[in-house]
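Report on the structure given below.
A, B, C and D are the chain letters, set down in written order, and residue numbers restart from 1 in every chain.
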Amino acid sequence: MKTVVIGVIGADVHAVGNKIIDYVLTEKGYNVVNTGVLSSQEDFISAAIETDAKAILVSSLYGHGEMDCVFFKEKCEEAGLGHVKLYVGGNIVVGKQDFNKVEKRFKKMGFDRVYAPGMKIECALDDLREDIGI
Amino acid sequence: MVRNKKMLIEEFFEIRGEILKQWNTGSHDDLDIEKAVAKLKNIPPHKNFALKLREAKKNGVTLIQPRAGVARLDEHIELLQFLEKEGKADFLPSTIDSYTRQNRYQHAQDGIDESEKKGRSLLNGFPAVNHGVEGCSKVFDSINVPIQARHGTPDARLLSEIIHASGWTSNEGGGISYNIPYAKSISLEETIKNWQYCDRLVGYYQEQGVELNREPYGPLTGTLVPPSISNTVAIIESLLAAEQGVKNLTVGYGQGGNMVQDVAALRALEEQTNHYLKLFGYEDMFVTTVLHQWMGGFPSDESEAMALIAYASTVATYGGATKMITKTTHESFGVPTKEANAKGLRASKFITNLVKDQTMPDSIELQFEIRQIKKEVDSLIEAIVREGKGDIARGAVKAFKKGLIDIPFAPSELNYGKILPARDLEGKIRILEFGNLAMSDETKEFHKAKLEERAKLQNRELSIQMVIDDIYAVSNGNLVQQQINSQLSDKRVKL
Amino acid sequence: MVRNKKMLIEEFFEIRGEILKQWNTGSHDDLDIEKAVAKLKNIPPHKNFALKLREAKKNGVTLIQPRAGVARLDEHIELLQFLEKEGKADFLPSTIDSYTRQNRYQHAQDGIDESEKKGRSLLNGFPAVNHGVEGCSKVFDSINVPIQARHGTPDARLLSEIIHASGWTSNEGGGISYNIPYAKSISLEETIKNWQYCDRLVGYYQEQGVELNREPYGPLTGTLVPPSISNTVAIIESLLAAEQGVKNLTVGYGQGGNMVQDVAALRALEEQTNHYLKLFGYEDMFVTTVLHQWMGGFPSDESEAMALIAYASTVATYGGATKMITKTTHESFGVPTKEANAKGLRASKFITNLVKDQTMPDSIELQFEIRQIKKEVDSLIEAIVREGKGDIARGAVKAFKKGLIDIPFAPSELNYGKILPARDLEGKIRILEFGNLAMSDETKEFHKAKLEERAKLQNRELSIQMVIDDIYAVSNGNLVQQQINSQLSDKRVKL
Amino acid sequence: MKTVVIGVIGADVHAVGNKIIDYVLTEKGYNVVNTGVLSSQEDFISAAIETDAKAILVSSLYGHGEMDCVFFKEKCEEAGLGHVKLYVGGNIVVGKQDFNKVEKRFKKMGFDRVYAPGMKIECALDDLREDIGI
């Protein structure tokens, strides 16, 4: 059973999607470690180290994702988690922006997969299977 | 232990001294309380939130207010002026950014600086504390309608001081409603105390002859909240505010989706708020209601979003709400542009105007729902009073701990978090799992029967999957979702 | 003199021979009636209007249909496909251009040619006669939902032949509803006879085992039409159609603005249509209702227009209409682009879906309005029957002549043209001037009292100015207009 | 009292605006000659000749205005009505078009004043007073 870490980054308290992601991924056979809302980069990273996670799924709904995710990849690498897949989804920037550009920005920051607003967790299941199996 | 007791004025000023030191903008001259009183007394009635609400209530109309806030001062002013002019907003807001809400003023400052650099707002709202009385007064001076701070701040004491001293005549929030849906581990006692301070501030102004409006935040998590639960929180926060001397209250409710239940909720809310205020001895209270257009996940299609906005406006007007908070066609994507925001306002106002001469006719169904909500609220409030041995502040803390009152999908660890709502066949929000909720067996059986009826007719199980389907439902264009096949054929398909 | 009597099949075929000679496309092979029957029999159920309506009625849902038509065939097909795909239209139309409606096929041809030359449609609809069975069948083949001709044609005999032979399974219109609002001086006897022919054609197909749908045109002039008047016309046309053998009927109503009155009108319409069909001895009839989204002057602001569309959709669904005709945000400007059309559809469908599980609860007010409408309809129909000495075709002609039935703002000289409607305080459409309208004194007093109540409260006179203000009202965002200052200060200001 | 001819041109049956125009202009003191709906160019012209009208106000709502108005000015001139002011208003073309271009097209056809959709008759009163008085 593969472990994934999920959580909502920064000063973000949007809890509903997080609860659903937890439920859906568990149903699909993953070992889900949920750091909940208001999680710092450190919260994600220590959870991933402790549980030998294969992927970290960052949620950011409230718009500050761009600021909250700066250097996340670098910190993962420092912590020896360079191999862990990094996903981010929700409403990760402020406002309705051209998603292609947004995706590029986040990929440059080191995220492996970047999801547009409205892409529910169900849309990422195939990617997850492909990247880390079940 | 927190108590529902009016804060002594000495205590208030003592705390005030500390609060104003929390950030450098707290030292501004205009935060001298007498100066602030004088300034507020000079505000013309049409820019006073409390008075404009009194007039609207008298005329039986539904006024509209958007959400709006950006990082930079000039851009924020431009935004509000645009919404006043192009959106014909009756009230303006300043939605506060999330760093400020968590009192992370340094983060907010970084956000402002970064926004200046990039030439676009990187914050999801207006960092009022950082802009200080200086900036907030500028905002107030540049518009012609009343303005309110809207946020989600567990500790909004400094923020409240700054906005009122800047001529902002209303403040949204409350010790429960700005904690449980907006925080993870801040104690309820602490937030109730913080908000007693904010209310005491308004009470103080009231004593000086300045009427300000206070608005407990109604929709909570915005997601399938049973009306009796949000109404109970609104009533408790009204009582807490009244004790601190607040006189002009707007209680809120987030559209649930079924028109009859929504109208019933609004009516019950107004009646029971007045009822309990009187029961607990608060006189001369002025109560209005506000409907929040659909607060859950929005459809991404802009035409659909606009339709939802118009539907919500119909409900608000039929339900006799005095105010309505509007949404935009950008809701599911991100903070709206000013143009999108104004469009939402125009659509909303068109409807509030068009149907202002109509109300929902009385009916057995409507009366039934009103009675049902009232019964449930009575039983929740009774539990709170009992837990607090007569003190609702203490009672609220204890009741949340035990799950006697419980808010669905809330992030806070202080919330019991055991109840699960779902919709019945007509789309009315009912309760599937009660946890420890303080409701009678009769009520529980009623809810269960309603949900079983649906499960049977839809030929599906009463399970958490039903709840999840219902959470997704409106954004998919339904109210009562049918079973969704979990083996999605096309993964990119809209769920 | 016209009679409500089933046309003998010999007579029908005799006329048919003449009709098919009216324009060269009438000579197409597929107009061989047996070929046409065979073709129609082969249509899969999901492309048959009549059958899809039966299914929708069973499921209690409200299906949607746009208006749409352009001059050139390819562009028209592209348009319809777009509306099916992007607008998720349940039914498709072909709105026929105005030259064709007046049987000016040469003008229509010029319009097609000119449109080809300029590369944009210069006609306001699809010239189906000119495109003939050839073109219309191509249209039918390129879509996956049922299709209907929507027009306003006093003499639609050739048009009807062509569309049905092309697989179009529904036809809108009627001898009264496509005359009085759509013509100036064509005699009612003539148009009733013309439409008896169109109905007889459908009746003939029915006898051959092919069920087609017929839809009397409900909204008439679309402007403050009192429900009882449009309902009466719909019922009369239903009876006329039934006599010719039509079995599947959709009766229509144009949104008036007050939700209770509109729901009452829809309910009364369905009940009384069924009632009178039975009373006059027509068995095995299948009746559905269609609500037309606001048919009067639209607001020009697109957000406001969208809000009106959503409001109309709420009314249709609450009122249990089986079909709804949608509008677009371009309504006040001109024929919409396909994109604007699809947006109107999406907004509409979002609402019909969202509120499909709800109906307007029964109430004293609703029952009162239903009863009031029924009473008025009974009295109008009684007058028609009396005038015709039992024959409603003859009766209708005479009743119109005497003004016993009268349609407000109609262009036809055959219409008595003396009644004036206006809105009461709740926005319900009442009658200010009755002319000779066959209504009881009690009814007249009721209407008068309602309007006087408004005049008094608005402190204004009961006059034609009130009517004009009410005509402008919705496009200005009101339902019940206050007095407008006729000394306009700024002439470019929206009235 | 100045006479104006009003009417709705072509195969157009939109009657509501026409009735209001009749009412409003009469109220404002004009002698209104109304040819009603479904009026041909000839209907307008003979009415204007018979009544010595100072202006012809053509309504076209249904979209065929562009075709129906071709050579109207020329026919007026032939009939000796070159001096009569020609107005057109309503929804004079098919669809939502750039009104500046539409106005140009109709001015080129000889119309003195061209009104955009939504311009109610009340918006033309000042122009009418300026052009022909009351």
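The rule we apply is simple: a residue touches a chain if its C-beta (ideal position, glycine included) is under 8 Å from a C-beta of that chain, and two chains touch if they have at least 3 such contacts.
Just so you know, these numbers come straight off a predicted model, no measurement behind them.
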Co-neighbours of chain C and chain B - touch as defined: none
Chain centre separation (chain A, chain C; CA means) in Å: 54
Whole-Å gap separating chain A and chain D, where each centre is the average of the chain's CA atoms: 65
Between chain D and chain C, distance of the C-alpha-averaged centres to the nearest whole Å: 29
Contacts with 2+ other chains: residues of chain B: none
Every chain pair in contact, whichever chains are involved: A-B, B-C, C-D
Chain C residues touching chain D - in the complex, by the definition given at the top: 98-99, 101-102, 104, 107, 110-111, 114, 120-124, 152, 181-184, 221, 223, 296-297, 300, 330, 332-337, 340, 409-411, 464, 468, 471-472, 475, 486, 488, 491-492, 494-495
Complex contacts: residues of chain A adjacent to chain B: 10-16, 19-20, 23-24, 27, 36-38, 62-64, 66-67, 91, 93-97, 117-118, 120, 122-123, 125-126
Residues of chain B touching chain C in the complex: 257-260, 299, 301-304, 306-311, 313-314, 318, 343-344, 346-351, 353-358, 361-366, 425-427, 474, 477-480
